[in-house]
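In the part that follows, the structures are each spelled out as structure tokens.
Both complexes below contain chain A, partnered by chain B and then by chain C.
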Partner chain A sequence: MEDKLSKEEVLHVAELARISLTEEEIKKYQVELKKLLNEVEKINDVEGYDDDILIANWDSNAELRKDVAGDMLNPKEVLENAPRHAGNYIEVPVVISDGEGA
Partner chain B sequence: MSKYIPTIGVEVHVELKTNTKIFSNSINGYGQMANSLTNVIDLGYPGTLPTLNEEVINLGIKAATILNCKIRKVMHFDRKNYFYPDNPKNYQITQARTPIGYDGYVEIIKENGEKKQIYIEEMHIEEDTCKSAHRGTKTLLDFNRAGVPLIEIVTKPCLTDGEEVKLYLEKLRELLSYGNISDCKIEEGSMRADVNVSIRKNEKDPLGIKAEIKNIGSISNAKLGVEKEIERQEKLYDAGKTFKPQTRRFDDKIGDTVLMRVKETGNDYRYFPEPDIPFVILTDEMIAEVIKTIPMLPDERRKKYQSLGVTEINTNKLVQNKTLSDYFNDLLDTEIDFKTASNLLLGDISAYLNKSEKLITDTKLSKERFIELVNLVSNNTLTSKNLKEILVPIMESDNSIPNIIKENGIENITDDTEIRNIIKRIISDNPESVNDYKNGHDRAIKFLMGQVMKETKGKANPRIAMEILTEELQ
Partner chain C sequence: MRYLNKSITEIHELLKSKAIKPIDLVEEAFENIENNKEYNAYITLNKEEAIKQAKELESKEVDNLLFGLPIAIKDNIVTKGLLTTCGSHMLDNFIPIYDATVVEKIKANNMIIVGKTNMDQFGMGSSSRTSYFGSPKNPWDKTKIAGGSSGGSATTISCRDVLFALGSDTGGSIRQPSSYTGIVGMKPTYGRISRYGLVAFASSLDQIGPLTKNVYENAVILNALVGKDEKDLTSARKEEEDFTRLIGEDIKGMKIAVPNYLMSDIVSPEIITKIKETIKMLEENGAKVDYVDVKYLDKAMTLYQIIAMGEASSNLARFDGIRYGHSKENPKDIQELYFETRAEGFGEEVKRRIMVGSYLLSGENAKIYYDKALSIRDDMKKEFINVFKNYDLIIGPTTTTTAYNLDDPMDDPLKSFMDDVLVIPANMAGLPGLNLPVGFDKSHMPIGMHIIGNAFEEAKIYKLASFIEKELNLDLNPFGGENNE
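Moving on, here comes the complex of A and B:
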């Protein structure tokens, strides 16, 4: 088994996390991320492993909430927790929407 | 005939008509002050936990039923991971592996009368993201939309042209709004469509390179966008060129699609099960209870209306207007003349509503009052001319209809003897017309009838007057 990830794999993960890495950091993470993956892969050795047990207990049906409104935050409070705001909007550096997410 | 075969798939997001959001109890509302409908869950504060809204599951069950989908009884949610400011948790909670509905269809009727089933691959529940607006170097965020419940409905790639896309979207909008699932307002973003388009030369070829069209602002733009995109791809292939998989958007100013970005790599959302929400397990009883509450759907309404004597044109007009159709449905347990009722609703009453920019539910025309009106018109006590004169007070005042009729001096003469006396006099005064009639000139009776109405100042019941006139002319 290869004991480290390829440089491309590390750069891909960095891109997904929207972070930039130095050459040194890339080298470091090639080894460290691989170690982490090796640890996680041990789960495959568990006998009778079933994907679904990772999600939740089958016996516990989700408790559903009634569709009744409760307290909301004061918009002022919301804006105070944002680094910048313009009027009542939270302001962030421009990102061109590609309709990601929903 | 084009030498290419287009293959089209449609993804539609609709916002569900709930009081609160999917995972929090803040209000699901539109058009409010920015960032005024949020709480710590919608904003993804650390340490908060989502709790699933029961009504979202109910609406999911209804939507699945209406779209002829199979319903999954054991389901869970998944996290779709991505970094983007519209989602502060850095993941969207969705149903990637266990969509609530699957294997469904919607039937459309094409212009040539041909019926086609548009197959639905799956429909899943998920949360909406916040709304972002780009202003120069800044992006402005409004979290009122964050956590609004959505269902996403994904067709199989089984559509073949812009017309089918249009018909499918219209049908979907009709079904979901009649089912009270969503208000499906494209202009307010409560219904949003993305369309995937590719073309190929032969049925046996693999599917062509795909372009996804987003930001489609109306159903007619969806049709136009698809047609333009097919045209664009055909031209490229004809010129021996190719293109990369890409996302385009419809620009209504130029009436065409424009490139948003080229997809260099596939999406990497690293889905994994949402550990904060246990399995949702539905029983047959729960599903049956919810299905019982589905309102009468458009096709059933059409059948019902026509069986009651409403014309096909009126039936379609009624079903196109949900408020009027709901009003009409409220009358189905009564024994009125439904043809007259539909004529009144779509004629003078609709004209009044359009002019005054009101909904019928905003007027004084209660169910009881309308029944009274329909009966007066169907037994000819009120003529349509009379009705026009007194419609405004009927729609706007609390005064009783008999009072309104009286106060406006509209007392029709329904007394046969009185009408007969007048008619006898007119016949003796107009011997030439009587002769003409007897010689087969049909127009003569119209003249005589006109004299009757003139003499009675329009107050003779026209049906009764005509009967007596015909009798007296024998």
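Moving on, here comes the complex of A and C:
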């Protein structure tokens, strides 16, 4: 048997990543994603390490900035990059429609 | 008359004595860029603004070494009012409304931004071939890759278009292309330079750094880039230092470790030979070099895949077609907007990585993979700390091969990770690492040495690198005839 993910498995990860795929892409990713996942599995062969974790190489104490108002972004400039906007608002398509519930 | 092939100190004197003006340098830079455009180093040029800025500088005092010098910026570092694409269709219409902290610093030093350099899409790739804007070509042989992801920044420096470029390095993306193109590239310690305004790929690994034609110029510009930034919590507060201060010092008595894994049979024999020659030269000059075992180095690629893909899947969730960037036309609902925007906007490599990353972080998998990777990463860092108890620096090759063909197949999803296998450990442990050209293979493609330092010990790296640079005195201009400084 060929070493690949099932179509359903590919569609599941595509759903998690919010990406739609064509039939052709699904076929391709069945093989390619499996290769990557096989590689990642190698982590289970590693032994002898302790339980401490290293989230990031950052050992300074959290130094928070003072809670004072600084320069703000200009809403007009911000909106210029938004694909759809009206007035001072960004437009989004329907989020909840009849019959689908929320 | 050409000036940009001179050293920065010479150029500085010329500017100071008013023998030349910044506009002369800017015009020369754009002439170079035009002459070398087949190498495809740039996505966007900033010509009009650069000329305007150069003219404005004429009335200002030449107050620092970097004053009036042209610089190129990788296209994942945001520049106010200047297109910033990350090499992707997803952002091919994105005009940032603020400057990254490094860009503010560059402007504060009165440097002049000439353009935004080509790169692998969102930094994902090792050959810059995942760019939406075509691949940069290697100046030593245009049928070969320039490496990646900072391939455009490496190419423009190698071509001698400008003196300085900025790149970013998540898993080798400054050092590996520097090795392939025969230039000096530094990934500083994690936290050394603010990442504010660097479009995030894997936040626990990403770091900005400089690419230059020689060691001294690299250290000079690093001086201008570092510092605590309240806009980046992970930036470190350190005492001010001059990174050039150890350059020129004797290396006698320096203790250097060479991890056995980095010299194993995963590396081409030609590269091993060149690194060994360099090691011999160091020993002859009084350095003490030992081969050591460093555990977990052979696991670095697996750790990187888990951590980088996981973090990328989270960071790239922001590209939703709502606030900026590419957006699906006339979506029927929000789901279609998300799914189709991302399907249209992202390239294949990006899709692959965020799908796997989403899987690795979903539900119980986060424990099985991500947490485990963080745990082994901690042990790897401890291994490095142990080495640095007894040694000043670690050296080895930067890459396993020299630059390969641009038309080599791209269908192996593991290849782009393999290309960075020797440089990833420095990202894992947050350590500074620099590529230094040390010779050429039999097709005259550059070979690079990787020098890793302990955290915040960049100055020591520059000390060793400048010593080797001076001893080898290589002609590193791909178009020939350079008198090295």
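What we mean here is this: the second predicted complex is superposed on the first by the 75 of 102 C-alpha atoms of A that agree within 3 Å, B and C clash if a C-alpha of one lies under 4 Å from a C-alpha of the other, contacts with A are read in each partner's own complex, and residues count from 1 in each chain.
One rule holds for everything that comes next: a contact is a pair of C-beta atoms (placed from the backbone, for glycine too) under 8 Å apart; a residue touches a chain by one contact, two chains touch by 3 or more.
For clarity, every value in this text was computed on a predicted model and none was experimentally measured.
Contacts of A:V94 after superposition on the shared chain: both chain B and chain C are touched. When the shared chain is aligned, chain B comes close enough to touch A:D67, but chain C does not.
Of the two partner chains, chain C is the only one touched by A:Y49; chain B is not.
In the superposed model, A:E32 makes contact with chain C only, not with chain B.
Touch criterion met: A:R18 reaches chain B and chain C at once. With both structures placed on the common chain, the touch criterion links A:P83 to chain C but leaves chain B unconnected.
In the superposition on chain A, the residues of chain A contacted by chain B and by chain C overlap at 12, 16-18, 51, 54-58, 60, 62-65, 73, 78, 81, 90, 92-95, 97. Taken in their complex, chain A has these residues touching chain B: 12, 16-18, 51, 54-58, 60-73, 75, 78-79, 81, 86-102.
Within the complex formed with chain A, the chain B residues making contact are 13, 18-20, 25-27, 33-40, 43, 51-57, 76, 80-87, 92, 126-129, 132-143, 150, 152, 194, 214-215, 247, 260-261, 268, 270, 273-275, 277-281. On the side of chain C, the complex with chain A involves touching residues 94-95, 97-98, 189-191, 203-204, 228, 230, 233-234, 236-237, 296, 299, 301-303, 305-306, 309, 313, 317, 320-325, 327, 331-334, 336-340, 342-343, 346, 351-352, 354-360, 362, 369, 371-379, 381, 411-414, 417, 429-431, 455. Residues of chain A touching chain C in their complex: 10, 12-14, 16-21, 29, 32-33, 35-37, 39-40, 42-44, 46, 48-58, 60, 62-65, 73-74, 77-78, 80-84, 90, 92-95, 97.
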